[in-house]
Amino acid sequence: DCTPKHTFATIEEGTLTVAVTTYVPHSYLDDAGNMKGIDGDIAAEFAKRECLKVKAVAVDPAAAIQYVLSGQADIATGDWYRTAERAKVMNLSAPLYTDQMAIYSKDGFANVGDLEGKQVGTVQGYLWVTDLKTMLGSKLKLYPNSVNMQQDLFAGRIDVAVDGYSTGVVAEKSGALKDVKVKVAASDDRVRATKEAAQAAFPYSFNAKEFGVALDAQIEAMHADGTIVNVLKSYGLDGTAAETGAPRLVQ
Amino acid sequence: MDGAVLHMRGGKPTMTEDDALAAKGAPSEKGQARKPLIKLDKLSKHYGNHTVLDGIDLEVMPGEVLAIIGPSGSGKSTLLRCINYLEPPDGGHVTIGDISLNAAAPAGRSELSTLRRSVGMVFQSFNLFPHMTVLRNVSLAQERVLGRSRKNADDRSMQLLSRVGLADKAEQFPGRCSGGQQQRIAIARALALDPDVMLFDEPTSALDPELGLEVLAVMRELAETGMTMIVVTHEMSFAENVSDTVMIMADGKIIEKGPSQDVMRNPQQERTKRFLRAVHDR
Amino acid sequence: MSTADIFAILRGLPWTVALTLGAFLAGAILGIPLVAARQSRILPLRLAAMVFIQIVRGIPPILWLFIIFFGLGMSVFPISPFNAALAGLGLIAAANMAEIYRGALASIHFGQWEASSALNLGRWSTLTDVVAPQAFRVALPSAASYLIGLMKETAVASTIGVSELAFQGNQLSQLTFRGLEVFALVGMFYILLSLPVAWLSRVADGYLQAKVAR
Amino acid sequence: MLPNYEELSAWLPDLLSGLSISLQVTALSLLIGIPFGLLLALGVLAKSRLTKALALFLVEVGRGAPALVLLQFIYFGLPTSGLTLGSFTAAVIALAWNTGAYTSEIIRASLQSIPHGQREAAVAIGLNRLDALRYVLLPQGLRVALPALLAFSILIFQGTSLCFTIALPELVSRAYEIGSNTFRYFPALLAAGVLYASISIPAALLVSHVEKRAGSYAQR
Amino acid sequence: MDGAVLHMRGGKPTMTEDDALAAKGAPSEKGQARKPLIKLDKLSKHYGNHTVLDGIDLEVMPGEVLAIIGPSGSGKSTLLRCINYLEPPDGGHVTIGDISLNAAAPAGRSELSTLRRSVGMVFQSFNLFPHMTVLRNVSLAQERVLGRSRKNADDRSMQLLSRVGLADKAEQFPGRCSGGQQQRIAIARALALDPDVMLFDEPTSALDPELGLEVLAVMRELAETGMTMIVVTHEMSFAENVSDTVMIMADGKIIEKGPSQDVMRNPQQERTKRFLRAVHDR
């Protein structure tokens, strides 16, 4: 009834095992234990097209990577950026979408210059963290996740927050951000991430060559047939993020 | 015994003139005019509905040595512990020198502290502080209670330790001393506060005969300096020869009390006779 | 905070309870041979036990879970996240329980051992009839405290994919963008779980104390 | 699986600064928490019903609630009531409460293990309650409580990892940061674990030495 | 005293025929042909470089009651504890009945167990098991060591408890019993294994005179049934009137030993005289 387009092996035959980190709106499990979010929906669509069942495990980011590395999951989801550093350790799939740096503030700031002299918060793991650190020094506070950072923004401990644009849009729509505005950061030389948006991908193991070929092919197909745009729109984004351009690795 | 009363108190005249005068008389002739140093009125103590002390009336004159004997569970230890309010009594009055406490009313901190300062206690099980040297054991209360400087306290402690023959053990931990030595340290510790009265709870029963003899010698010497003492004991020779008065307790009551020789040689009560027989039979 | 939220968090409860009880049980049992080795007369055995206890306690739980789940799980035998967490926390509990037992054993008067020898009770009988029941009473408050601590420690299992209380709380907090209320609710559950343990240990302690007291 | 030399030398400055924060939080939490535990222990043993109930409440909440929740409550919850604390202060308060609650039980048990005669002797020689506690009961209780206090201090030390939720960059969070940048999570965590162990194992040995010394008077 | 030796052993004939025969003779006439039940050869024990037992030679005949007296620290307790190997000696031999242990060689499990089975010990501090009822205290070793059924053990225990006058305390916990009662429970517990010898370490010194008398009565009765006993004691009346032989120890050595009346009334050694004087002076 279902014939896969490619031949490749997965860790468990006939099943796509996914290590899911909890990172709204990119990746999470719903109440029934189904994989959800932008990454999740794309991964689920890939599984469907390759006639695979999905097995999802919700884990911590550290464990998600280790899951894939140690051969207990095929891919990890959670807005993982393609960077040169990471590519030394794992394969990264074709880009899924781009994620832009956004500035969250009551004043509607959109320029990196506006951050100077303010208490700024951001979330661990983003590309801009290093650049911001050099620029702001001890004025930059690092958080493990967006929720903790947003709470501090409301409590007034930080004046401005820097986070992914998609997360901000969804949080804004859910009403969680109150009167805080989310703006994409304008291009600025001091923070490279503002000049070229990061490409999100699925990390997978170096050993899974055939698997990678199939994954990349399907992602391209999904870009071509508009699946990815639809997924992005279904989470309240405008769909422009699907135009990723050629795969690249951020240094 | 005359005049030596104050010798023990390091020159601190805590007694009234009456008392000092009284101490010069032979303690066993109870003159009407003299004021007792310790006076218990209808003292009682219960644990749950078990009556341990049943209306004890007692007077002890300055310089008097009172021996309390009686079977186990008769309330001897409890009586001692009520006198210095280690165990607050349930009813009656305790008067020591100028302080009088009514068991019905809760005792104030400062009254209690004055009371305990004038009463030294030596426990059957010594209860020395194992984590301090012998010297610190004796000095601690002098510093904390009397406010002496460390040096003054230590000087006085060495003096007391020499008196009980233990100057060379000053820097030792109590755990490394023999039972008889520990008991003598406990005596020095109690004496360090210059008390008016010393209470002893079976000071020798945990000791072997030779060690017991050592401690008895120290107590005898103490009695000779005119110290007022209440001693719970099963040492018949102490009761007979050192103490002025002997009191027999049973079931929380005083069943017999009088001059030592009389009570020990010629008891009046049946219960006393029975108890003394047991003591002699051993 | 809706009832749906409460139910969402409640789904983690069985995992937390199972992990806590499982790890505690494993620790309580494995702690016995461990303390025996720790007190052994054979020097190498004693040293080995001491080193083992110090290393197990010295390294944070999350690392043990990684070592067991990813290290052993990859190279030796596949193991589920729950079992890996159980093994890791059980190991840590064993080291800590061994130390709790050691304290309790030290509090038993040597006269009890002597009386047992003099009565010619064998080692086994001395241990089970005389020493263990008395040590139990002394170890009870510490063990209860440790059980409560362990219950909260089980939260690390969520890193490798056990969806216990803390995981559910974290998940809910991320999905709804609410922090404090969710964690307050999770905290409530932990406290509610800890109260019976605390209460039981206080009651049992009081009862056992009264039994031997005069 | 193991970090190589270049990695280690690149990570070490970051990890060490995280370790120093962990150590500071731990030290302060213990410094405040253990005396607080003593206070709670005395409260639980107090005769006054009210004091007892209050102490019991603080103890049972303090040891029942996860440190993470106390942390969130103090850091994010208090600002709604107008009190905004820095993350370091909040971390220390939360962990000190946690410490106090646990150690109060340890201290209570150790105080109760001291023979009754010691307290009586202290009272009989006229010491007031504070002096009796300070000179007679605590020094003896400490000997009994030390192993358990140490075990608990190690837990607190490792528990400082929770402080990252309130933006305090301690050791584990540094390891996570390295991991997320390089995907070398496990080696980074391993390095952090070794740093933890390199503090807690010598600390344990030191304490057991102190324990023996402090107990020397008990040996004949 | 004759013939009663076996009465105590619940019908278990553990002694050789020689012993049984020997027991019929008066214990104090040491016949050449009779074999001692206990024989110590050059027994010695050190702690570090402190010699606690210094080559002790001792023979105790079946049915003999030996009292050991001596100052504190002279090694009396250590001697008792070496006899049943609670404290393994450093040198010499211990022979009890048919078992002979050489201190130089490590003792085997089964030999130790046989040795301890024939020796009952009563400690100064009782060492009862506080978490068990009085009955279980007495029954435990019967079940675990002799393999008796619970019912048989309990029956025998009740019999022994009645004998020491404590049948009504069977279901009580030891902590709620008085010192004298606890000591008698300890005696019942040791007797429950039908030992050939009973060792007592200062069985009455922690008790008040009346309680002490109770325990002494039980011991006297035990002596009369022909039980072989070694008793460390400071009870002069026991040493003089109940025991057959008295042995004085000082500094790890036996300084005098002989028939009780002789040693107590007419000691030969200066050290003995001094010690006995201390005892009488109290």
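Letters A, B, C, D and E name the chains as they come in the text, with residue numbers starting at 1 for each one.
Just so we're on the same page, a contact is a pair of C-beta atoms (placed from the backbone, for glycine too) under 8 Å apart; a residue touches a chain by one contact, two chains touch by 3 or more.
Keep in mind that this is a model prediction, so the values were computed, not measured.
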Strictly by count of touching C-beta pairs, the top pair is C-D
Give the label of the chain whose average Cα location is farthest from that of chain D.
-> E
Determine the centre-to-centre distance between chain A and chain E, using the mean Cα coordinates as centres, and give it in whole Å.
-> 83
When the C-alpha atoms of chain C and chain D are each averaged to a single point, how far apart are the two points in Å?
-> 18
Whole-Å separation of chain centres (CA-atom averages), chain D against chain E | 52
Residue numbers in chain A touching two or more further chains are 62-63, 66, 69, 148, 151
Can you list the residues of chain C that touch 2 or more other chains?
-> 66, 70, 179-180
Name the touching chain pairs, please: which are they?
-> A-C, A-D, B-D, B-E, C-D, C-E
Note which residues of chain C are touching chain A in the complex, please.
-> 8, 66, 69-70, 73-74, 78, 81, 158-161, 163, 167, 170-171, 173-180
Provide the residue numbers of chain D that touch chain A in the complex, in ascending order.
-> 76, 79, 84, 87, 164-167, 169, 173, 176-177, 179-186, 189
Please give the residue numbers of chain E that touch chain C in the complex, ascending.
-> 81, 84, 86, 113, 116-117, 119-121, 123, 125, 127-132, 140-141, 144-145, 173, 175-176, 189-190, 193
Interfacial residue positions of chain D with respect to chain C in the complex = 1, 60-61, 63-70, 72-73, 76-77, 102, 105-106, 108-109, 113, 144, 147-148, 151, 154-155, 158, 161, 172, 186, 189-190, 192-194, 196-197, 200-201, 204-205
Residues of chain C touching chain D in their complex?
-> 54-55, 57-63, 66, 70-71, 96, 99-100, 102-103, 107, 141-142, 145, 148-149, 152, 155, 166, 179-180, 183-184, 186-187, 190-191, 193-195, 198
